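Below, each structure is written out as structure tokens.
Below, subunit A partners subunit B and then partners subunit C, in two separate complexes.
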Partner chain A sequence: MTVIANILIIATISFGTIFILVTAIGLIRLPDAFSRAHAASKSATLGVMSILLGVFLHFWLIEGHFNSRILLGIAFLFITGPVGGHMMGRAAYLSGVKLSDQTVRDDLADVIKKKREKLQ
Partner chain B sequence: MVEKILLISLTLFAVSIAIALFRIIKGPSMPDRAVALDMIGVNLISMIAIISIVLKTKAFLEAILILGILAFISTIAISKYIERGAIIEHKSDN
Partner chain C sequence: MAFQILLNVLIALTWMFLSVSFKPTTFIVGYLIGLLMLFMLRKSFSSRFYMDRLWAVVKLTSLFLKELVMSNFSVLKLIIQPTMPIRPAIFAMPTVLEQDWEITLLSSLITLTPGTVVIDISDDNKTLYIHSLDFEDIDEAIDSIRNTFEKAILEVSRS
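Take a look at the complex of A and B:
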């Protein structure tokens, strides 16, 4: 029983660690601010959720202590991670951060131009 | 064996925080820095969770929730400040 629990814990924690490393590589390699925000919001949220699930399984299956705070933390991170990434991407676009050279289409530019003409 | 894997993952988190610190120092625009700071918060949450396994204590598990809330609120506040120049708006149009 302990062996199965250890395998589960190590599998989830290694999965999360790999995703957080991929996030760090994306943060240093991707070309512009929007793709870096994309890397940092989605995969970091998945990685930290998986690690917290592994810690919850460790405290539940090995030490016999059902800790509901970790479950609350998982739910909170699942809700707030994408919201933070979205707000940061919107702030970057509206404050005029340049897109990378490899961008092929930019649909938001037309919408914002029309809206600004309407406001004036 | 389990201890060794946990220590290796702690080392990898430290490497990841160092990479995010490089992006904070170098980053060409302010949203880059804010995204990297958000990622440092996520890494700290994971490190605290694994350190509480290594030290065999339940005392640090509240700190996970508090750090999550602080990282979220600071990301929202920085992005509102970058977007409009004010954190709390007084006008209600658009």
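Take a look at the complex of A and C:
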């Protein structure tokens, strides 16, 4: 029983660690703020979620202590992760961060330009 | 929906009084009996059976989890390549959803799909501006958003 529990714990925690590493590498390698938001919003969410799951399993199966707060933490992370990614992208765009040179199409530019002209 | 849940709780309470036992297990048994009664009478309610909607929520949540894992693997695949063949683009996508919470859910789901992040939403809540990592995948992304996500969200919200 302990062996299976340990395998589960190690699997979830290493899964999480790998994806946090992916986030870190993605933040360095991707060209602009918006592509970085892809790495930050997805991989970081899943990475932290799996590590929390591993912590929960460890305390539950090995130490015999059922901690429901960790489950709450996982749920809230799941809800707030994508929203955070969206808000960062939006704030970056509206404050005028440039898209990378590789960008091929931008439907939003005209809309924002028109809105700005209306305000002035 | 609220009415059906209230009814179900009332049936469970009635069951507790009938069996003169005030333990949580009796409540649960009563609740299940009430659920069965409501299920048999589901055609006579004006709104649909509330378990249907709960089931739709469960399906939506599992879709969320699946997309999260899939998109992580696609980011992983992209990042370990020595040359990064990305051609980012921002494209507009009209949506049929109307309520605020539906659009919030849809944009969270899109943010979790492989290669797409919602950057902005138009003032009239009709168009989403989505940043995509690869220009080629746009049609595919729009297709999956239309057929999978909007459908799953509409399934929860229809009365």
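Keep in mind that, in the parts below, the second predicted complex is superposed on the first by the 113 of 120 C-alpha atoms of A that agree within 3 Å, B and C clash if a C-alpha of one lies under 4 Å from a C-alpha of the other, contacts with A are read in each partner's own complex, and residues count from 1 in each chain.
In this section, a contact is a pair of C-beta atoms (placed from the backbone, for glycine too) under 8 Å apart; a residue touches a chain by one contact, two chains touch by 3 or more.
From a predicted model like this one, the values you see are computed outputs, not experimental measurements.
A.B. asks: Return fit or clash for subunit B versus subunit C, each positioned on subunit A through the superposition.
C.D. replies: In the superposition, subunit B and subunit C stay clear of each other.
A.B. asks: Is A:P82 in contact with subunit B, with subunit C, with both, or with neither (first, second, both, neither)?
C.D. replies: second
A.B. asks: Which partner does A:I10 contact after superposing on A: first (subunit B), second (subunit C), both, neither?
C.D. replies: First partner only.
A.B. asks: Which partner, subunit B or subunit C, is in contact with more residues of subunit A?
C.D. replies: Touched residues of subunit A are more numerous for B.
A.B. asks: State whether A:R90 touches subunit B only (first), subunit C only (second), both chains, or neither.
C.D. replies: Once the two structures are laid over each other on A, A:R90 reaches both partners.
A.B. asks: Tell me which partner A:H65 touches in the superposition: subunit B (first), subunit C (second), both or neither.
C.D. replies: first
A.B. asks: One more residue to check, A:L119. First (subunit B), second (subunit C), both or neither?
C.D. replies: first
A.B. asks: Once the shared chain is lined up, is A:V55 touching subunit B (first), subunit C (second), both, or neither of them?
C.D. replies: It touches subunit B, and subunit C stays clear.
A.B. asks: Touch check for A:R105: first (subunit B), second (subunit C), both, or neither?
C.D. replies: Touch status of A:R105: second partner only.
A.B. asks: Which value in Å is the smallest Cα separation between subunit B and subunit C when the structures are fitted on chain A?
C.D. replies: 7 Å.
A.B. asks: What part of subunit A is shared between its subunit B contacts and its subunit C contacts?
C.D. replies: The answer is residues 25, 37, 41, 45, 83, 85, 89-90, 94 of subunit A.
A.B. asks: Per the contact definition, I'd like the list of subunit A residues that touch subunit B in the complex.
C.D. replies: Contacts found on subunit A: 6, 9-10, 13-14, 16-17, 20-21, 23-25, 27-28, 33, 36-37, 40-41, 44-45, 47-48, 51-52, 55, 58-59, 63, 65, 67, 69-70, 72-73, 76-77, 80-81, 83-85, 87-92, 94-95, 97, 119.
A.B. asks: So in the complex, the part of subunit B that touches subunit A is made up of which residues?
C.D. replies: On the subunit B side, the touching residues are 2, 5-6, 9, 12-13, 15-16, 19-20, 22-23, 28-32, 34-36, 38-39, 42-43, 45-46, 49-50, 52-53, 56, 58, 61-62, 64-65, 68-69, 71-72, 75-76, 78-80, 82-83, 94.
A.B. asks: Give the list of subunit A residues in touch with subunit C in this complex.
C.D. replies: Residues in contact with subunit C: 18-19, 22, 25-26, 29-32, 34-35, 37-39, 41-43, 45-46, 78-79, 82-83, 85-86, 89-90, 93-94, 99-100, 102-109, 111-112.
A.B. asks: What part of subunit C is in contact with subunit A in the complex they form?
C.D. replies: 64, 68-69, 71-72, 75-76, 78-80, 84, 86-92, 104, 107-109, 111-112, 115, 117-120, 122, 129, 131, 133, 135
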